[in-house]
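Multiple structures are listed underneath, in structure tokens.
First chain A sits with chain B, and in the next complex the same chain sits with chain C.
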Partner chain A sequence: MSTTATEKVTLERGRYQGESVPRKEDRRLLEGQGSFVDDIRRHAMGYVHFVRSPYAHASILSIDVGPALELEGVFGTLTGGEVAIATDPFFQIASPPGAHVKDYALAVGKVRYAGEPVVAVVAATRELARDAADVVEVDYEPLPVLVDARAARNDDAPVLHDDAGGNLSWEGVYEWGDLDQAFAEADRVVKIDELHFDRFNSTPLECDGALVEYDRGTEQWTIHSNNQFPGFAAIMMGPAMRVGLDRLRFVSQDIGGGFGNKITSHPQLVALCLLARKLKRPVQWTEWRTDFHQSMSHGNERWFHDVEVAVKADGTLLGFRCKALDDAGAFLRYEPLGGVIWAQVTPGLYRWQHVKVEFTQVMTNKAPVSPNRGYSRMQHLWLTERIIDIVASQLELDPVEIRKLNYIKTDEMPYTTPNGCVYDSGDYGRCLDIALELVGADTVDARRRDAEARGKLLGLGIGSTLDSGTNNFAQSRFINPELQFSGNNEVATVKLDIFGEVVVTLGTTPQGQGHETTAAQVVADTIGCTHEMVTVRAGHDSYWNSHAGFSGTYASQFAVTGLSAVKGAADQLADQMRRLAAVVLGTTPDGIVLAGGMATRADNPDAALPFMALGAIINANNAGLPPETEDITLNARYVYRPPFDVPDIEKKYGNLTLTYSTQIHACVVEIDRETGEVEIVDYAAVDDCGTRIHPQIVEGQVHGATAHAIGAALWETFHYDDDGQLLTANFYDYHVPHALDMPPIKTGSIESPSPFTPLGTKGMGEGGGGGIHCVCSAIQDALAGAGGAVVTDSHNPAERVWKMLQDPEASRAVVHVAST
Partner chain B sequence: MSTEPVNEKLIAVQVNGESQEAVVESRRLLVHFIRDDCLLTGTHVGCDTGNCGACTVLVDGKAVKSCMMLAIQAEGTAIETVESLGGSDGELEALQQAFSDKHALQCGYCTPGMLMSAKHLLERNPNPTEAEVRKAIQGNICRCTGYVNIVDAILEAAEGSGS
Partner chain C sequence: MKVSGTRDFDAAPQAVWDVLNDPSELAGLLPGVEHFEIQDERNWTATVKVPLGLGGLKLKFSFEKTEEQPIERAELSANGKGIGAVISMDTAFDLAPNGDGTSMDWAADVRVLGQIGAMGQRVLQPIVNQQVEQVLAALDERVQARAAG
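Showing the complex of A and B:
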């Protein structure tokens, strides 16, 4: 059961914003009438199944699709050889050496991870497509396998991409402040040899899929898919397919969860486009769960080495330096952007001024990584939170006090971080107090004793994170100065139609975040009607003309980019409605009030026009309108562009995102001394995402992000054996939290409106992995009473905790403290 | 009796109160029969190992994962899917309404299976405890909600039923 502690709202807003009105999306989903990608059918469509590599690394000697083609009902196949002729390799974000990686829709010449698509087969039924895929003969010559990123640059390491001349995809040094000064000023230097952030992802319940049609007359593809960032997919696919983006129409409606994992399906979409054209029929592909696990969007696995922290004796943090080693898997589908995204939250929530990170990213024979809820910031924030707790335990400081001492303070906001990011607003200490109260931190000592009497170790942990949202895409130039990306944008249209219908289209691709509902709330408050009167078209369609280069739903931004676009369009529409009503009612636009679905003269309530009349006049009854109404269309399109500058690329300095939501999580765990089993007995998540349009939706996002984090901390891992075989390739072995696994979650919230966004909103929903940090923190606290092991991994299943109980020295050996 | 394997078979089932007869491939999963032959796409597929429960339907009143059953095994049964829920007046029924009120769905992909598992629970046990609710939906994965609001919604629907 959830308990909510919410502090007073601080901003005036309209009638609907701030209310948890019923979601517009719910009815169709509760009645089984949602339209998910696998629900779409076309006459004579073929079902696609991919033949996948059984090897993690192998040369492809030969492929024989003949046996498949002989089966009755098989429509055709596609091989890597055909792909290499019909398309160019995907554009690479990386500068050299990563820029030299050649990535196609299907494996060309060799395979680089187990589960990589090698051949696509199309048949009349799903079952037949699968059977036919089974009889495709592929001869492989296995090659040595690289699984451990730490070995990627050894002389004898197998090389995945000969074109890149090694396994390095990108490296760069980030340095801000004066590290020498920080370490000279320090009373203590805490060193941590190695930390490991594990590989997992959010595994949306619906896997990837698409139905692709090709119109031979217009040479245009319609791609019904659940890709969550069509703007990015289009930029990747158009050049590879050698066509303009006008030839790629993306359509989506309901999407069964995304969490970033549905951004990089462009290779499969290209394969489907080629098949639809080649076979002259619509083709449909729904990914199997095992295929998803083996090949789609793993989260970035990251190692941190030689972490050195400069601290004053009282716990004041001066700075830190470390080496980060990121494991990108076999291809760079969105990477190496993970090499810069973390920098959005460089100092975490803390005031340290001197930071140096030597970042290296390598490729290994594992599934390609791509954004995953909390993308790249989560890994870095885990580092900062681990540092805090390890420093606290080494210096015998209170983990709460050291946080409060070093947190950036409310009166310092907007706060410019050492790397030029501008934290817009927040009150970290207040959030922490609420979280501690919710988990009953003041009674922890008594509960510890009680637990000990039951053979358990009890610990309290804190995770304090930021969810940075609304990217300034110029940060990609830190990775590759040649890139021509910067800023961000999102589009919305709002129109008033003949019978008074208010219709909104968005460029976003919601996956459960309730965009239809919150957009309707903003429009209703702006033009003066009820939210029920506003129809928001579900999903995304390139034909709506409400999309731009960065359209999509990713990276915690809808409440800023999407709703600001909606607000901008609604403001324009309201302005036009007032001007039109003024002409008809014989007054000035200022003298018109829009409310209750009517445009009314402020000085004469009897002089009023219903919205329907306004819509009818412009759309169907416009003869004789005076010239000053010429530009009134009652069909407004607005492109929201956040206020960004291009950062200093050389110094890697500038504001990388527009808003920074706060999450402070706290939990109490009990560890079974015999088994190492961790049970979360109390949990609280406190969130501050500025002004909330729909508090219930916000709380739902907090619950979901928390479940993902707890799963990652305790159960979920993409674990590979030495041959590069994924051992957790389905929901049997990859254990996501079920209802009985989840502890009770209490939530709390405050609202620190963003001064930088039109509605005071901030992006949210990713939660920065607050749960991973607080579980790690609580485990370490509990183990303090049994040998004092240090938590050095983000993933702590029972066997790892048991080992820490048996041999606490092993983990303690990675930490060293020097007095200076 | 013939021991020859049959590749397809005529089956007759009741789906949401309507008789359906179809020749299905012997290996066709019940979930694919429901989705692809009966065109009832509310029932979803979320895994290939019987772990996720997105495909849950009622077969003769019992909650069943329809990806774990062959269509031909359903011969002679009465099947209820999410599309059977709701009042004859077009209103949501209490359980669905409680899901909406409590924000127990985000993407809605798990929702049909959750509703059918919950319906089965409430029919057996109109007054469940929170632990009983969690146990009843233990076989249904939701990746969006952390289950908090789903559990609340089912408890509210039980309370609202006045039993």
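Showing the complex of A and C:
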């Protein structure tokens, strides 16, 4: 592995920001002292196991929990019938018809996907709970199954939710610019009949889990979980459980990966809350791997139909239009937000001015989808990258040159896209150059010949992606104008305690992103101490008073929302420290310098107070302080609110996210002509996420995202049979790449600080799509020398590549070029 | 999953047919049968222990003869329920004279639902193949016995 030098940083930074200091989290994690949800134990707790539907679609005729309750050590059960009495259906984000979907913690009357929880059983041991679940008798009447989203709106399609009147959850038309003009100006129109983005997820090492306690005196639940977006979980759970949000205390410390998959565990958490109250004991649930695969958090599968691209003869891209068909699975747990999130990156990295997307989302008898690393933008960016490569191949243009011709240029930044989003900064061409250099693109022709001599086909591919971070939640109103969400927020507190300890609390729920370390770096630089002097409380507790409606760790926003909240609170604390020191040392606040853990008179270095003295004065020795110190608490709380307006809902126009990181990936693949097996022989990922607080942490996330992407491109797929049975429900059939599968990854970086954020940072870590795009691109390039197949699927295992080698005409038939 | 094949017997079609259409004979063909009960001439139930890896999966099956064209064709459907698994199966047998013997084309569509189904076809296919082979071997044996009188 190698790393290119970071280019010149344009913003001033403190001593620690920009340095890969030792991570605060690592000691406890490396010593096995982390506290994950399955590590938590309580006296007399019961273990929960869910009875799950073997059918993808069936009516529940009867449930008999009697045989389970007869077993010694079984504490109790919960059925959908009980849930329907004790709770209301979860709030639906969708406008009608999706708004009419009724979703409960357990199946009520009907099951809609194989693996759906039907009954919860609680017992003295995990094993007994599992055994007891096996003897619960559920009588089903199977119903016809809908697996293919393309058939969801057929007259004869089975209907999942009768209340919704069909399988449509949401549809909307996005149109910006003047498509008629674009196609009239075009020299060529490239048409692609169908593209398919496959269903997978960025599987976390740790499955979902929780330990829930109910306090009968205060009627409050404490939910120790690995849910990564407690703010969202609370607003889903509270109304359903008919309780105020302060009755739900969310606690987490270490989380073993999230990637968006752990946002939508609220149904299971409600079931646990009901059980803890019913059985008067803490209940613990750790999800099994097969259960996770069968029922939690798949990424959105999406089809693109009737793609038409208006192009000038020189490769200038004018516009495109298409129909997008999204498969949400059986329930709308975070959906249909995927129907708008993609619009954050509408033109991709390109200067398309005219875009129309007719978006439709349907429900099928598959596991519900949820955000997944690169949520919804990954699918759309895959479309734009596929368009680029297909247009390039059809018009015989160089894939590099057509990208450079159409990339938005650095001097156009901040750049307003056709739909009103503002790309803050970046240098896409430079990133591409670095990536190509890293993979030795100038030697590809010679390597192609060498590979050919060995019976291999060699191809070079490029994947250009944007990681849009810090959502403006008002975009949800494109989906449902009645929603009262907008903007975003995050909270941090920073205090100076009696013995001079600097203590930080965050509203976020880190899952390995090193929040403790980077928060300490920002605080240390702001108040003038070492990062070792800063204690950042591990994890999340919604009772810490550092919690707001959008608190959590998701959607590439900690470096912006989380660290800006930290910066704001640290600025407030520093101001108070200067004012207090000024009073004590007889000067003005401007005359105080904070550095080295001391508050010092600028004009007299001998006049200084250690931070410990400041903490002691306010907290324990405050008699006689003058009135102007009344508001000094040395305990600062700051809520960061990104500068957003509410977009134009009717025109679907406005700024949807605050920052845009760039990832340009490039790879070289070799394909075995006999088997279709793809080997990545060279790989480079170039990342530009603005100011990097901790380069090593950034690079770690780039590596992880790349592994997820390569897995999705070649091995990982949630494949269902016609009966709605998931055939890849374990790590035997669902192959997540391990170290030996991964090619050596070369990384490069530049820094284009965001002009919109206090630290110049941008959200990052979701650039995994770049890997899918560049592997698809490279496969198509390699196949150009063997029949010229067109890659139309995001997932290309050996058998699919082999088919493309055998019958390239079949894939080429979906592409048509017309001259105008 | 769909499995099919052809099996030749050294016996006339009537002998094969008699075995296939005698529920008590059929019970003897199925491996792992622990209990077999005839409801009527078209419906039977059985408790079967299917070998699966290190353990066995006990299933309660109900069988129904769905089509019958004497000594030429029969169709049978079966539905089984067990812990963590639901299995349904549609089978068809077509008999034709083959010299002095009989040629039988057979086909089965086996659907495995639930946790066991989630194991994937790579694991289940060999198990199904093994079970089918055992059934056919037992059938051959019973046909020979019946033909021998």
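Keep in mind that, in the parts below, the second predicted complex is superposed on the first by the 815 of 820 C-alpha atoms of A that agree within 3 Å, B and C clash if a C-alpha of one lies under 4 Å from a C-alpha of the other, contacts with A are read in each partner's own complex, and residues count from 1 in each chain.
Note that a contact is a pair of C-beta atoms (placed from the backbone, for glycine too) under 8 Å apart; a residue touches a chain by one contact, two chains touch by 3 or more.
Since the model is a prediction, treat every value here as computed from it, not as a measurement.
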item	value
Which of chain B and chain C A:Y55 touches, first, second, both or neither	second
Contacts of A:D723 with chain B and chain C, given as first, second, both or neither	second
Contacts of A:G32 with chain B and chain C, given as first, second, both or neither	first
Chain B versus chain C as contact partner of A:M742, first or second or both or neither	first
Which superposed partner A:S20 touches (first chain B, second chain C, both, neither)	first
Partner chain(s) touched by A:T290 [first = chain B, second = chain C, both, neither]	both
Chain A residues touched - chain C or chain B, whichever exceeds	B
Contacts of A:T203 with chain B and chain C, given as first, second, both or neither	first
Which superposed partner A:K278 touches (first chain B, second chain C, both, neither)	neither
Which superposed partner A:R537 touches (first chain B, second chain C, both, neither)	neither
Those residues of chain A which chain B touches in one complex and chain C touches in the other	290, 730, 732
Of all residues in chain A, those that touch chain C in their complex	52, 54-56, 114-115, 134-135, 290, 293-294, 723, 725-730, 732-733
Interfacial residue positions of chain B with respect to chain A in the complex	25, 27-28, 32, 35, 40-49, 51-52, 54, 81-83, 85-86, 92, 96, 99-101, 103, 105-112, 115, 130, 133-135, 137-152
Touching residues on chain C, where the partner in the complex is chain A	83-86, 111-115, 117-123
List of chain A residues in touch with chain B within their complex	1-2, 20, 22-23, 25-27, 29-34, 36, 38-39, 125-127, 202-207, 254-257, 259, 286, 288-290, 511-514, 696-697, 699-701, 703-704, 706-708, 730-732, 736-740, 742, 745
